[in-house]
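Each of the two complexes below includes chain A, the first together with chain B, the second together with chain C.
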Partner chain A sequence: MTDAVVAIEGLSIDYVVGAGRFRAVSDVSLEVPRGHVVGIVGETGCGKSTLAQAIPRLLPEPPATIGGGRILFEGIDLVQVPRWKMPQIRGTGINMIFQEPLNSLNPAFRVYDQLAEAVHIRQVREMGRASVERPEPGPFDYSRRSNPTAADAWSGKVVPGGAVPEVVHRRQVDQQSGLSRADLRKEVLDYLRLVRINDPETILDLYPHELSGGMRQRIMIAMALSEKPSLLIADEPTSALDVTIQAQVLTLMKELIEEVNTSILFISHDLGVIAETADELGVMYAGKLVEFGPVAEVFESPRHPYTKALLRAAPTRYKTDGPLLSIAGNVPNLSHPPPGCRYHPRCPIARPLCRVEPGPPLLGVEGMSPSHRSACHFPAEVPQIP
Partner chain B sequence: MSASPLVEATDVEKHFPLTRTATEFFGGHARRVIHAVDGVTLTILPGETLGLIGESGSGKTTLGWLVARLHEPTSGTLRFAGEDILGLRGTALRRWRQNVQVVFQDPVGSLDPRLKVWQIVGEPLRAQGELSKPEVRERVHEILPTVGLPPDCLDQFPHEFSGGGRQRLSLARALSVDPKLLILDEPTSALDVAVQAQILNRLVELQRERRFAYLLITHNVAAVRYVADRVAVMYLGRVVEVGSVHGVLERPIHPYTKALLAAVPVADAKRRRTRFRIGGDVPSLVDPPPGCRFAPRCPFVIDRCRVEYPALREIPGAPGQLVSCHRAEEVIDVAPASLLVTEGGPTPAAAPAV
Partner chain C sequence: MFWRVLRANPLTLAGFVVVAAICIAALIMVVAPHLLTAYGADQLTTDYNQAPSWQHPSGTDGIGLDIYSETLYALPLDLAIAFAIAGTAMIAGGGLGLVAGFWDRPGTIGGAVSIFVMRVTDIFLAFPSLILALAIAVSLGRGVWQLIVAILLTWWPYYVRLVRGETLAVKHLPYVTAARAAGVTDGRIVLRHILRNVLEPVVVYFTLDIGTVLVTLSTIGFVGLGLAYPGQAEWGSMMSYYQGSGLITAYPWTVLGPGLAIFVTVLAFSLLGDGLRDVLDPRSRRVLAGTGTGAITAAAPPEPPVPAAGAPGELPAGPEAPVAA
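Now for the complex of A and B:
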């Protein structure tokens, strides 16, 4: 288990809203092995997107604060990395595909400009030029609460020539490194062909609004993959797409995983999509990871009552076959989570112990493969739930 | 089947004109039109659920709005319980509206955030203008438990409810005037699986108790499977297949229906698909080509498909199931799964050379 691209250890994330504070992700430990696809499922509000955005430190802090734990990415603890250094890790290290492709592409730039930027960043980094350590943060440090205002400049608080980072113009880098525009264009075209876009020459000069949803998501995938990230976080990448387009995008992603050799953390609420793509599956409930294991095994023999209920709730029958099995009750309010195990108010096998004793950490389950773990006091009783 | 249909739509068309650019205008170009719904004939019987499935842009929502008379059709006739509803105007139209109510897709956008629950749910009642304020409140108080909401939330605001709760409010509003037909436009697509199951169960129970007819518009095949009695599949403004839910979902005939069903991801980790054989995007609805609209993506396409539109017809071997495909008899036995290549499972041999 040592060869993990990212290992999350006991990560907790709080949101501070007004005087209140609630824990959106509590004590989650998770590993994404190299070359694997790890799926995370859960209902709205269970913290899966918060977790996804916390890894590349994209959460707005505040209101979010990391309450504890470590995110080990290639041996670096991302929680300790100052925010201004994160852009060096994002892109070629960790990349993300978001749910809504229209919102994640810049409407004011042509497809070519957006893709070329990503390709260029990677090319420059490969030449060892990007990881220039800044001696200390300059005046315009976007990780600070507020950047200097015009008044500060007037009063002389911002001293030009002080700690201003060296600005390297793209053209300068190109000249020094011998990369030409033609090469860049050729590589961009290659990536468009990689994501199976017909007629990439025309597509390059279009704006995002001129493309269909499936096309836009393919451009997003091309952008993400062109930086050859070691970890790709896909947050509901196909939820906004139609099923036939979704099937195309999923098949494409699976083919590309092998070609580019990326590990993926795949967030979705669609069990079908996860069943199709993931190697390992984690199930989240109310901010906690309640079950984790090989995807076939979790689907076949879930060992947490919530996983079982979630699997049973998917409508697969006709109405003449009787009602669907829904989960009684609602997702708990995270500012006042129930005492004991968070699932006990809705759990059919809850016992007095579950009401007082918080759910155990993820523990191995007897008779299952060693990586299959569940956070239930009575995992052996789950198969008996009707 | 002797019951007279509740809704009869015959050759309904809805075209949305596009604005011409100045060059087009002065150049004398004809106005281009989006053929959102292009000659649809459908019936809905009292007390049954007709599921309308199709991808975005197939015109299913437009058709739903036409049936509710929220859009005026470009041509065609619409009858409700035998009466021509296209001629209704003014008070007669408002009276008629209590027969048909719509539940919209977006549970946030379709509820006014400044109105209280009783005002939202009672709005159709107040629009009918027969009840006083206390009577409306009392009626709302009775309706809320039928959709599984606590009756004492009359004075709350929509933001105090979860997504599922809001969709229940939307449903309560539609039920308040005791309609004969409910148009459910993607009622569960914004909801999680568990909540979706609760809402779908409630819909089916309500239909058993009160004999509503539903027009369920969705791209979610699983929801249609559970709620519908009959299914119509739409592609680019046209109905390509209609039949009983068992017929269409278990033995689809039209290649598009097969593709749609094959594309739905199955929550079964043992049958993983590796390849999907339907390429391309849904083409533009602006001045669509003659012939079958699925022809550019269809794996079974022949020359005839590109020039002649196949009319809906019944074919031997599938009684009661109407399909619009020239090669229906030949492709009837092609399994949807053969449009995929699966990992692990029995790999279907090369594409059946039909």
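Now for the complex of A and C:
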């Protein structure tokens, strides 16, 4: 974990529903390296959205509770951060694009109001950071040259001497920086142009219900990017869109990653979308991460039977004639997960050991790149599955 | 925009016009009453028990008071009391509801406050509010402030209930989560994102509530616990006085004036409140405006989610706005 924006270590998330309690995400460890796009795939109900929302602590708690593990964002364990401090990390630190473009914009506000709010949040925080970086004579050691991140804003760890960034009030920002409404408006327009919206001047004054799904999703993306987050979590950002808009949005996101320099955690059930965008791929099954590795390698030579089955079931170049294959059996009920490896009831290479012994933690696979890891007892046998 | 919505809905328009007329009349009665009536407040004439005529549009009573001008003199007071009660109840009750609805996580300070607020609300709602108001009015004695306090103490819980329910419904909607993901603080989410979205039903309820307060006010006056009339004109006390002094059978017009005033005012606010919903909701605004000008096309589905194509006249010529998806 040299330079990961976020490193998740053994994270478990439980849902407490009535008297029942089930583990939607169990013991997931994952890293998003800086500047990379990490894709997470899995069937419906495998816990990928829960994982996505747990990172910025957006899950409603209760019913969700974090059962264990750590979420290290820029070195800070978000599990330990009190709830009231989380807003300072969200937005400029971790931002999120949601699945429902139809409902993710406030119906009562114009496009301008929503975008301006996001831009303003970033401006306020940039002012806060600037006040830290201002060199002052004194015992402070400003050895750290890079900008403190949003996460540093509350921790105070970054600047030796304990110079915690002062809290800057919105009005102060406007006065000190000389940012006027016109500047704010100009920046909002810039971001609308960035997401390739024609005629942004007109769009600014519209309400969300007057826009199409693709437009709304692009505005969501503009909002997220205008805060220049170090980690952007995209939870199926294109699933609700039709294919042509999907392609547009994906191309756009890829271009924007370079422009804004953001790492992305990309959640999807669409393998094609992941292949298109991601550098690394994680595969989730029944709340567990079963395989993780460079995207091309996982696609070419999967080392977990579930990944293999998932790839075979996808309508891609792997399969151009005949009926589509499905995976036999169903996703297990997470309130009573099967004993042993969770995939064994559906696994073609399951052995008696798999019924008793839970799947191993993610282990390196022989003959593969070091980052390629699988949670199968017998990864070497996976290539033999027809 | 506002005008178009009104035009599209004749009943709302009627309510709006009457409410506007009432408010203007109240203002005139405060500033320059002689424009609307020839008599001063509590001015005794020498005409006793006169039937309605051109000189006394609503007749006179046994001591020579002109009912029409007494009713008009009561108007600003009645309106002010109604607005004070409903307004204070809306702000206080609504604020409590907002807080209790948003910070309701069990096991936190907010959750404890929320439970406390809601139980107190339940206790107040469990009492028959009119009886409670009467009891408080009796113990406080006569007077405008006493009357306001008595009704107000029974009035706020309804707003708590309303706003809390709306807040609970809104706070888990995707756009609130999206705002949180954008780093918006809780306080700002409540005051901006949630408040704006619960405002619409609350304002509608408030408008309808003005009428309800007026009726309650009159009821308290009618049972004789309101203001002292003659002396301080208030519609409920006027009706109580004329009904109690037996004049209602011999000289029915004495009751007709204040009775009609209550009826018209309450009805007007109700009509306005019903239509206000459409004005406040940005989603229905354009469609309604479209209906008003006849611009709505047959292809537009009548129900929300309203497509932008609902009112072509309102839309910019942006090439992507209605068709991109």
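In this text, the second predicted complex is superposed on the first by the 329 of 386 C-alpha atoms of A that agree within 3 Å, B and C clash if a C-alpha of one lies under 4 Å from a C-alpha of the other, contacts with A are read in each partner's own complex, and residues count from 1 in each chain.
We take it that a residue touches a chain if its C-beta (ideal position, glycine included) is under 8 Å from a C-beta of that chain, and two chains touch if they have at least 3 such contacts.
Worth saying up front: this structure is predicted, and the values here are computed from it rather than measured.
Contacts of A:Glu74 after superposition on the shared chain: neither chain B nor chain C is touched. In the superposed pair of complexes, A:Leu250 makes contact with chain B only, with no contact to chain C. When the two structures are aligned on the shared chain, A:Leu271 is found in touch with chain B, with no touch to chain C. Judged by the touch definition given at the top, the superposed model places A:Glu9 against neither chain B nor chain C. After overlaying the two complexes on the shared chain, residue contacts for A:Leu310 are found with chain B alone; chain C is out of touch.
When the two structures are aligned on the shared chain, A:Arg90 is found in touch with chain C, with no touch to chain B. Contacts of A:Met215 after superposition: both chain B and chain C are touched.
Of the two partner chains placed around the shared chain by superposition, chain B and chain C are both touched by A:Asp242.
In the superposed pair of complexes, A:Val295 makes contact with chain B only, with no contact to chain C.
Shared interface residues of chain A, touching chain B in one complex and chain C in the other, are 212-215, 242, 245.
In the complex of the two chains, the chain C residues touching chain A come out as 105-106, 172-186, 192-193, 196-197, 282-283, 286, 304-306, 308, 315-316, 318-325. Interface of chain A with chain B (complex): residues 43-44, 212-215, 242-248, 250-251, 254, 269-276, 295-296, 298-300, 309-311, 313-319, 323-327, 330-331. Here chain A touches chain C in the complex through residues 53, 56, 58, 60-62, 84, 87-96, 98, 100, 102-109, 117-118, 121, 150, 197-199, 202-203, 206-207, 209-215, 220, 223-224, 227, 241-242, 245, going by the rule given at the top. Chain B makes touch with chain A in their complex at residues 55-56, 162-164, 192-198, 200-201, 204-205, 219, 221-223, 225-227, 245-246, 259-260, 262-270, 272-276, 278-279, 281-282, 340.
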